[in-house]
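Take this structure, written in structure tokens, and hold onto it; I'll ask about it next.
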Amino acid sequence: MLRLGIIGAGRIGKVHCESIGRYVKDAVVACVADPFMNAETEKTIKALGAEKVTKDYREILADKSIDAVLICSSTDTHAQISIEAIKAGKHVFCEKPVDHDVDKILEVKAALAKSNVKYQVGFNRRFDHNFEAVRDAIASGRIGHLDVLKICSRDPGAPPVEYIKVSGGIFLDMTIHDFDMVRFLSGDEVESVYAVGGVTVDKAIGEAGDIDTAIITMKLKGGTLAVIDNCRRATYGYDQRAEAFGALGQVAIANDCKSSAVISDESGVTAEKPLYFFLERYMQAYVKEITEFVDCIVNDKPVSVGIEDGLQAVVIGIAAKKSLETGMPVKL
Amino acid sequence: MLRLGIIGAGRIGKVHCESIGRYVKDAVVACVADPFMNAETEKTIKALGAEKVTKDYREILADKSIDAVLICSSTDTHAQISIEAIKAGKHVFCEKPVDHDVDKILEVKAALAKSNVKYQVGFNRRFDHNFEAVRDAIASGRIGHLDVLKICSRDPGAPPVEYIKVSGGIFLDMTIHDFDMVRFLSGDEVESVYAVGGVTVDKAIGEAGDIDTAIITMKLKGGTLAVIDNCRRATYGYDQRAEAFGALGQVAIANDCKSSAVISDESGVTAEKPLYFFLERYMQAYVKEITEFVDCIVNDKPVSVGIEDGLQAVVIGIAAKKSLETGMPVKL
Amino acid sequence: MLRLGIIGAGRIGKVHCESIGRYVKDAVVACVADPFMNAETEKTIKALGAEKVTKDYREILADKSIDAVLICSSTDTHAQISIEAIKAGKHVFCEKPVDHDVDKILEVKAALAKSNVKYQVGFNRRFDHNFEAVRDAIASGRIGHLDVLKICSRDPGAPPVEYIKVSGGIFLDMTIHDFDMVRFLSGDEVESVYAVGGVTVDKAIGEAGDIDTAIITMKLKGGTLAVIDNCRRATYGYDQRAEAFGALGQVAIANDCKSSAVISDESGVTAEKPLYFFLERYMQAYVKEITEFVDCIVNDKPVSVGIEDGLQAVVIGIAAKKSLETGMPVKL
Amino acid sequence: MLRLGIIGAGRIGKVHCESIGRYVKDAVVACVADPFMNAETEKTIKALGAEKVTKDYREILADKSIDAVLICSSTDTHAQISIEAIKAGKHVFCEKPVDHDVDKILEVKAALAKSNVKYQVGFNRRFDHNFEAVRDAIASGRIGHLDVLKICSRDPGAPPVEYIKVSGGIFLDMTIHDFDMVRFLSGDEVESVYAVGGVTVDKAIGEAGDIDTAIITMKLKGGTLAVIDNCRRATYGYDQRAEAFGALGQVAIANDCKSSAVISDESGVTAEKPLYFFLERYMQAYVKEITEFVDCIVNDKPVSVGIEDGLQAVVIGIAAKKSLETGMPVKL
């Protein structure tokens, strides 16, 4: 039974706590650390199955009984805590992005090079049944050489502008999942990126120096053309689709719904909206990514999504940001 | 250029007149007869491309220049006019049903046996692209031995009760298309039939001695089980589906719509309703059945849907009526 | 924490053991009983989270620490064990069917009348997300008065003929789920039933006195017409659909698949097959039905699917059998 | 009855000849001109309903009985013949593109300014039922402000390299339809364009100085972001889709198929491929564009797609070409 510590008791920290408590067979949550831990949070956390709580994550790092940590704190602390955890000999699962700053990610990478711990980055969508099916169709050769890869990723609604301000911008906060998906699905690396964007959802996002709608075009090294379109708001729910087109055919995925019910009446033939909330949509993926992390530790396997993946997604995101600012395509 | 006469200038007569005028290459409408022909109808008919009109269909039968007639008059006149036309040496296309009375259909059959004319019955759905695809999947062996055949046929709205009263009842007026479809798709004959029904659309239909909703179960000679469900009203349009299930798989068809547009918004993911009107839905089939009729005459081929098909559908319809009345299954 | 005993360590017993161990928060499996319990089964069972095992189910009934039992033994023992468990004051979850014999079910019902225990019958499909959506559309009035209800239920493959022989026949073994679904979806009772059937999958099933393909038509008390079609084999997987048609519109559900991936290539536009295995298809429903059973006990709520539901489904099944044998519709 | 002359008896000339002969009520093809007219072509043309043929299009222009001409000759002759026809007082329907050279299009525009004739450009897709549905959803405000517009346009197979060489390149030959569609659907104008492309279908296309696969990103004046992806080859048929996303929701269209039949078997759940051939896919649109052209002449209405539309699509195409060559976005 692997003993895990969770650092950060915010939304995603609680998600992992619950999914481990309920669905991950070979692991328990030994401790959850959060500087703002209070009685109420402690109650919630323990009800989710955690053994104990603390305000100081270093308590977790010092606990010899704990094998691995999940870093779910704010992004600006990821790199620092990662390095401390690595030095303490803990295996690390780090939420995305590792950092907004490439140099800091490289420091983590350097620390890893001197250690024997596993380091997995939280690109949960790689573990989703739909995206896995696209990946399989490409990797198996089913659709031939990948000519065009299209990803559509829209949130149901924009986060508060206070969040936007510290988010690193749409490309490092939201598109980063899609940049990783381009790499995951294609098995290839991005060569150049060109981004256009605008503010159509909320003026306050523009005033905060960010955009809320974007189209990003990429050329990949192997000759694939890729395009992502993003928006912070979709009235009909969380829109998560991909389409891969190749020499032999195309594979496309649609959104998941609560049920397959279709109602036909005077107003039309109406199916359900896509699942609205990302936790609901990707719950199985959250379970699966931690299950695999545990398996990699227990059975000493290499993680499937590591520090290099965390790094490259940020590199592409920064290039996209530069492209948007300069109005020019950017080579990586 | 084949010269056709149309007997009956009601809705279906006008449909054929227009579709021949516009889409059937090798034929012209030489004359349209209707006892109630007036100046307005004449104007409409001629605008659709007919050369002349008359009140007396016998004028058409006597016209040596006319090769064939389409009988589009009221059902109670079909058999009599058929026999006259056959005796006049005209090829005949007769709208469904040939008659509500089996004996009268047999008289037509006897007249045909002594003649050399073509006689096609107006089961237009046999010429529809969707139903043809089901037929092809079955006939080609693609789904293996046909175990279960299901047909769903619902009108968008009930006809006036005055029409219901002379319609011969739902089984001879509406289900007759579906009975023919069972024979067409399966390539088999019905052995027994059991019908249940009710009045859920319009009480006046019940008061007129008819039903408006029904489920009819059949056993076919080759071991297939078949079921039809009918309703005189579907709020979402004209519902015309079939599903054939066999040892190797299933083929199913969906409704046709005006466009493939799907709108996703706060209220759901909404496709268009099926085409509402039978003329709109089956226009291509009307053109195709007459094109084939003309081809059979010009190139002396056997018609694909003849008097025997007209007879059998009525025989099944009468059995269904008897089953409904007795509450018992009826053998044919 | 509710303590459960499972009686019967066959396939369905193991399913419940695993789903409780992993997904049902407020319950533990205290003991699993099976007369054929051996070392291997014990190992499996304990790995699934059960505390202990026994060969004698009466040990479970005698254990004061155990609150409730799940009866997952062979059908012919359900009624007897139910009565013993009720007398022992245990709450009971009994797999379907309660018995093939109405009198025995009535004995269970009589025992219940004298007790205070909860008694839930294992109609798991009532807890499925798709069927719930149909139920909601009907119960909410969304589609108006229910005129026609259609259920299509096909297994991917026939069970061994040895199983068929003790199954009670297709209507009590397979269709019983669909009979219950007719009652659940319509909220109505069956008035008469007419069944046709045949042997198209496996001759041995016919030689065993059963059929493998059937269409069952029903009239419900409130005027709804219902039809079920069943087959023991569908090459494309486990086919579980329903369609409810009413005065205001229709609701229909499709099959669930592993992913939404659709591949377009030279051979067509191909989606995944439906989930093949019933455990995979209905796992969420199994979890949900036990979660609700636990909730009913803990919070003293009435169960949503009780002995009367268990009884009525068998009554309809027996009527269907009689209809098939006599070739006549049967009133209930 | 409007009398039309067709200049050019190649594939598209024949298409118009046939569709007018069969489906356009108020017009006849008075003459078809082609410098390579021979006995065989004459026979074909006349069988399609044309009254006569000639080798010299000036015969058509000189014929006082002819009201309008369809220019279906090679692209390099469009502008010259357009100007001659305008001077001869003929209404003009000109196939796309008007010319590869903006100056020549401006000459046509200047000639038109001094005349009273109608001038319609052959952007047939504007008359397609699916694209019209997208346009309606946008224009009606149904999806709110248009934030993102996506068009996917793939041919089933690449044309011969000899054709490619004189085609003006993919952007003026193929994407031009999509550029027009961006303007038609959005009701807006393109501000800047960025194109990436590659050769993945046929090396010979690259050797001819063209590409066969492209993604083109555009910013529109009203703030919409648009993206087109093209490929000269799709193994599954002619892929013609669009998706418009706005503040209130999304509208998307799918491909048209020959039938709605879906076959479920061991290999999956397979629908038909999209219609393969552009004539088959857009036949209704060809009929509708000419029907509208005739209506505009007969009832003196403004054409809905005129010289300015012909001009703008070429302007965008040239900008896309420049973007591809320079690797930089291009402002219009």
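Per-chain numbering from 1; labels A, B, C and D assigned in written order.
As a working rule, a contact is a pair of C-beta atoms (placed from the backbone, for glycine too) under 8 Å apart; a residue touches a chain by one contact, two chains touch by 3 or more.
Because the structure is a prediction, the values reported are computed rather than measured.
Trainee: Taking each chain's centre as the mean of its C-alpha atoms, which one ends up farthest from the centre of chain C?
Mentor: Relative to chain C, the chain with the farthest C-alpha centre is D.
Trainee: Return the chain pair with more inter-chain C-beta contacts, choosing between C-D and B-D.
Mentor: B-D
Trainee: With centres defined as the mean C-alpha position, give me the chain C-chain D separation in Å.
Mentor: Each chain's C-alpha centroid was found; their separation is 58 Å.
Trainee: Using the average of all C-alpha atoms in each chain as its centre, how far is it in Å between chain A and chain D?
Mentor: 42
Trainee: Starting from the mean Cα coordinates of chain B and chain D, work out the distance between those two points in Å.
Mentor: 39
Trainee: What are the residue numbers in chain C that touch two or more other chains?
Mentor: 234-236, 248-250, 264-266, 272
Trainee: Which part of chain A faces chain D closely enough to touch in the complex?
Mentor: Per the stated touch rule, the residues are 145, 147-148, 150, 152, 154, 194, 196-198, 200-201, 213-215, 217, 219, 223, 225, 227, 229, 231, 233-236, 239, 245, 247-250, 327-329.
Trainee: Within the complex, which stretch of chain C touches chain A?
Mentor: These residues of chain C touch chain A: 22-23, 25, 129-130, 132-134, 137, 142-143, 248-256, 258-266, 272.
Trainee: Give the list of chain C residues in touch with chain D in this complex.
Mentor: Spelled out, the residues of chain C in touch with chain D are 234-236, 264-274.
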